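What follows is one structure encoded as structure tokens, with my remarks underneath.
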Amino acid sequence: MWEKLLNYWSQSAPLLPEAIAFYILATIAILFGFLVVANPFSRAPINSGLSLLCTILSLAGMAILLRAYFLAAILVIIYGGAVVVLFLFVLMLSRKDFKIVFAPTRIRFAIGMIITILFAMIIVPIAIQIPVSTAVSDSVPIEGTVSAIGTLLLTKYIIPFEAISILLLSAIIGVVYLSKPETKGKSK
Amino acid sequence: MLLTSILLLPLLGALIVLALPASLRVLHRTIAITVTGIAAILSLFLLLGYQGGIQGYQFIHEIPWVPSIGLNYRVGVDGINLGLVIMAAWVSFAAVLVSYEIRQKEKLYYFLLLLMCGGVIGTFASLDMIFFYAMHELALIPTFIMIGIWGRGEKKVYSAFQMAIYLSIGAMMVLAGIICLYAAGGAQTFDMEKLAGIYSQNPMPISLQKWILPLLLFGFGILVGLVPFHSWAPAAYTSAPSAAAMIHAGVLKKFGLYGIVRLILPIMPQTLQPWMEILVIMALINAIYCGLIAIRQKCFAQMISYSSLSHVGFIFLGIAVLNSIGLTGAIFLMIAHGFLAALLFALNGRIYQQIGNTSMDSISGLMQKMPFIGMILSATLMAGCGLPFFGNFVGEFMIFFGTWQSHYSWPTALAVFTGLIISAVYMLRAIRRILHGNLSSIASTAIDAENTWRKLPFILLMIALISIGTYPIILTNKIKDPVNNTLEPVISLTMPDTTNSDSSK
Amino acid sequence: MTIILFGILFLPIFSALSITFFSQKHPSISAGISIAISCITFLLTCVLCAMTQSQTLPIEIVYTWLSVGNLSVDLGFLVDRLSLIMLFVVTGVGSLIHIYSKGYMGKDPSLSRYFASLSIFMFSMIGIVLANNFLMIFIFWEMVGLSSYLLIGFWMTKGSAADAAKKAFLCNRIGDTGFLLGIILVWSCLGTLRFGEISNLLSTNPAAFSSLATITGLLLLCGVIGKSAQFPLHVWLPDAMEGPTPVSALIHAATMVAAGVYLLARGFDIFALSAAWPQGLDWLKFSTLDVIATIGAFTALMAALIAVQQNDIKRILAYSTLSQLGYMVMAIGLSYPIAAMYHLTTHAFFKALLFLGAGSVIVALHHEQNIWKMGGLQKRMPITFWTFLIATLALCGIPPLSGFFSKDYIVAEALHKNAYLGTIALVTAFLTTFYMGRLFFVSFIGRTRSKVSDHAKENSTIITMPLILLAIASVFAGFIGIDSYLMPHYSSQSLANTNMVFPYPSIDQAPDNWFKMLIYPFKHAPMAAILSICAVIAGGFLSFIFYFNAKNDILSSKFKTVSLWLKNRLYFDELYQNSAVWLQDKLALICDFIDRWIIGGIIIGIIYRIVDLIGRFCRFSQTGNIQTYTAIFVLGIIVLSYWVINW
Amino acid sequence: MIATIETYLTIGLGHYLTVSVILFCLGLLGIMTRRNILVVYMSLELMLNAANLALIAFSRFNQNLDGQIMVMMVVTVAAAEVAVGLALIVSLARHKLPIWIDNLNKLKY
């Protein structure tokens, strides 16, 4: 029995660090994900925001596990560095209204739960069914490095890339327009 | 190519109008007149170049569109739609010519009008069911907008919506029917000619025909204004600006009738007979009922709308009797009625524009003020009550003879009664009220058509009406062969032993 | 030949078109064109007559106008004796009346329109005469209806004229409905519409119509009743007198109304078929000819009666026309088409003359039409007086004049065949003399009854010249052998079954000089001739007693009720107004009500309410709350994915 | 038994997808239940990130980079969206308009 266990250990030892890392990261992600949505201790938006940050960080970790290094960086920089910070800024800079905490009415929560569980019942089995054998070896390493993604982005996906730049540009213009202080005397 | 250029010219004109600034008002009109005029003249070359006695379509032009589902741009004419295409082109030209009454938002107006013109020509030229349908919609939607913007009277928006709802329902039924035809054929083609060929080889299952035939029949029926689905017509035509009413009542409405001839008769001969017997009755109701209503109308526009519905009843009758005389008459009457309805609505527009309403109670003695318009109006109304040497008479009497030939004795009598008496009653009543008698004060400021350009649309349509009425053989000789082909499956089914009786004496 | 025929038919329409397009603003040019062309057609007709002397008739020239399936319609010319006679009448009287119109209508501002309409009429009438098939006749039949409509309503600002025009057209249309159905029946039974083929088919196979013979005949008769204003549809003709007098003379006396008789003569083969009814109707024993004779006799008598109490000069003549048309129709009904055509021809001359004379009087009296305001015109208007006298005598049937011969044949035939009809014919002859005497004595003889008649003057030559020419024709038309000219047309055809009795058994025995001709009626049927002359004398004598120099109408004061009924034309107009017109009006009212309130109101209203209700209900789902939308959206996805996964 | 443990240790596509789906459901729950518009936004971001995780996992297990490109796009769009959305919220707040989901219900009949 010990032999078998040792044998097994020697076989699965290379898998162990990755597995451990995944399970830890997954637990963190789901836990903080839950805290974003329904923190049983505090319903303050600031807590949700910080929990979101944690979730994103753990997702970035999973991206590293999936060899998407560039994206991991992107997730940390853009989500962690920009988006969540933006949320926090808005929270901190605006009036008190944002900090008022509403408990969800029970009926609403119940309906939401039912629908979500239904949804999960449809989707989760599909995800679970997928056999493990689809795991790949790293014999043909595909790595999300900057150069690989950059090459693809500027060759095959050049048109979506340009389109998305136009979207960004228009978003910038829109944001500038929206946040421009209103000129006085000009009625709505 | 010729057909494509005829139908693309107005659409091209529409794009040019769209590209020009709105301030160049004269230019819009000039462009519209030019493109429709050229299209109209080109359409005459169809008549000249058409070779009789040849099976199938001519002037075919084909461009693959979506080959994977068998959707092709394919235009062509045979005897049945030749006259309709020419009629559409000329009525479009006349409709553009009478549009001088429009004084606001001219750019949009001419854009929409040219779309309509292109659409109606395209509808009748298309041999592909999807294009046939889409071109109809292309012409229909501008009608809706035009009634809403440049319409007359307080109820114009209501009328526009009523028309749009009715016609959308009809068009949806037709579309569903077309898709069923496509799917049931199983040959991946929207081509009418090929479909007819396929279904003549292996007929559609009766269980399917039972559903598709009424779907298509009543879909087309709604589009034409078959009683009891006709309420949109008087309201819409009364409110529509003259050009829209001319094109819609004159040309676009024939879509449904033409569709019945093209899509129902050759494709579903097996279940045709009982439905056509019902259609005979409905056609008679259309003719008599609408004719009687026309007698009561006080408003001239309402009266001609109902008279138009009444005439459509005759066309239905000609189709429903299922023999070559009746069907030839029906197609002939479609063409003649196109010119007639266009003329009537153009005249109605002129009177409305001069006087401000068209109530037959308040207008009288207009002949003194408008000798030219009055003359054309009397001639048109006379044509409408089936006077010989106008196109309508030829179509109507062929329909009467055809009805009798199919052993419908009472329907013939009733149709003749309606065609000769009821139509005469309301048409003459209109002449008496509007043109004859003392000049009423409201009409005293009216002026006749000022110059040749203003007279031109009336003269053109009148010439067309008279020329097909005096020399009908120019059309009938072309119509009768394709009509015989269309009816061949029906006739061979219903009376297998008398197929040869149709050969002329 | 072909060119001449085309010329005769199409020159008038060419004249109408050129007037409409080029000379609308120049009345005198229009008049010139129209008159010239009508004279040319007359000359061409003479040429045609001369040409056909040496040829075998009938000559048929056929072009296909329309051909679909087994329906084939020709533009065809049929030249035979019947059409030549009729053509002669139409173009002859027509061109005289064209000339007269120039004088009568001279100052009217819309003279161009008048002459254009007149030209259209000439075109259509010639078309009827020359047509070789039923449908072509029908086409031109409708066209004469149109031109009649245009001309009756010529003074369209006058409400009564416009109404009369409408009435005329509609009455004609009612008749034409039957006519067209009859044509359809002929076509479906015989397969052809050409007269020549029809008579050939019927001569080889008289039972070709099987059970539909009488119905076909009666339906065709409807057209005749409408156009020739026979009994049920006679009401339009008196009203048609609203039109200009030359029009009344040409269209409503001489030619158009006679077209019905022409049609009866043309399609005589069909009308002469013996009675045959379809199953279920076979208890009706009578044949078409019986109906024709009865209608003709009834119209003749009724119209003559009404004429006795009319006061408008044109209306008297209109009823007289009705009555004479009744004679002609009766003659056909007695299977005697030659006499009908004979009477048609002579009647065309003298009735046109009467109308033109009346027109001359009307012009001279500044459009006064009441005979009781005329009088004393014999000195003031001698030409009109004498020509009118000749026409009156011709109409009454005084022996040497043309009317005597033609009418006598009819009377003789009627007496020979049917005592009742004979009596009616005689009574009508008596009444004819009576009312014509009344008209003549009151309006021409004796003292002047109003200022206008005091100042009356004879008209210019352009008016009197046609009067004189027509007077000559009225006198001599009886001698030129119209009847013997027509004989070959019928003897050549299979009329054996119609039992035709004609004065001459064959053309060789026709009287060959004018004196023999004059006395022939006395030789052939002395009884009838003497009786009709007696009737004429009695009528003339009575009217002389009553009306010579009379101040007012003695009859109307003596027999008030009868006179009232007659004056009001036996209340036919009122009857129709309260039956047919009322019925049509109410039907239209009901349909309009159904359309406006039941279809347009209730049904559409119900559908509208249902849709509206559904819409109102459904819009509650639009709460505006994003989370509700999200929930619904996710539910939708759940349903869809469940469906996709588990399908 | 051994094979079962191995499946737990071999991290396959299914594992990542499961995490992704759970996160997605959590985000959904947040959108449907929370009333603070900012938290709703955060939940939205959570869902996007769940999708990102799935895309990255697909990319990894399908041996091509297209999924990662897709994530790039999603991130960009999310950034733009957050910027505009937050600007709108700030704008609402500045005009003293309600920022609670329940009150933002003018878009209805």
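As written, the chains take the letters A, B, C and D, and residue 1 is the first residue of each chain.
The rule is simple: contacts are C-beta pairs under 8 Å (C-beta built on N, C-alpha and C of every residue); 3 or more make two chains touch, one makes a residue touch a chain.
If you're wondering where the values come from, they're calculated on a predicted model, not measured in any experiment.
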Chains touching both subunit A and subunit D: C
Counting C-beta pairs in contact, which chain pair ranks first? A-D
With chain centres defined as mean CA positions, report which chain is farthest from subunit B. A
Between subunit C and subunit B, distance of the C-alpha-averaged centres to the nearest whole Å: 37
CA centre of subunit A versus CA centre of subunit C: separation in Å? 99
Please work out the Cα centroid separation of subunit A and subunit B, and write it as a whole number of Å. 63
Roughly how far is subunit B from subunit D, going centre to centre by Cα mean, in whole Å? 57
Got the subunit B residues that touch at least 2 other chains? none
Which subunit D residues touch at least two other chains? 28, 32-33
Among the residues of subunit C, pick out those that touch two or more other chains and give their numbers. 627, 631, 634
Could you list each pair of chains that touch, in label order? A-C, A-D, B-C, C-D
Which residues, counting only subunit B, touch subunit C once they are in their complex? 228, 231, 289, 292-293, 295-297, 323-325, 328-329, 365, 367-368, 382, 385-389, 393-394, 397-398, 400-401, 404-405, 412-413, 416-417, 420-421, 424-425, 428-429, 431-432, 435-439, 472-473, 476-477, 479-480, 501-505
Subunit A partner contacts - residues on subunit D that touch it in the complex: 2, 5-30, 32-36, 38-39, 41-43, 45-46, 49, 52-53, 56-57, 59-61, 63-66, 68-69, 71-73, 75-84, 86-91, 93, 99-100
Residue numbers of subunit C touching subunit A in their complex, please. 627, 631, 634-635, 637-638, 641-642, 645
Quick one: which bits of subunit A touch subunit C in the complex? Just the residue numbers, please. 108, 111-112, 115-116, 118-119, 122-123, 126
For the complex, give me every residue of subunit A touching subunit D. 4, 8, 11-12, 15-16, 18-19, 22, 26, 29-30, 33-34, 36-38, 45, 48-49, 52, 55-56, 59, 62-63, 65-68, 70-71, 74-75, 78-79, 82-83, 86-87, 90-91, 94-95, 97-98, 101-102, 104, 108-109, 111-113, 115-116, 119-120, 123-124, 126-136, 140, 142, 144, 148-149, 152-153, 157, 160, 164, 167-168, 171-172, 174-175, 178-179
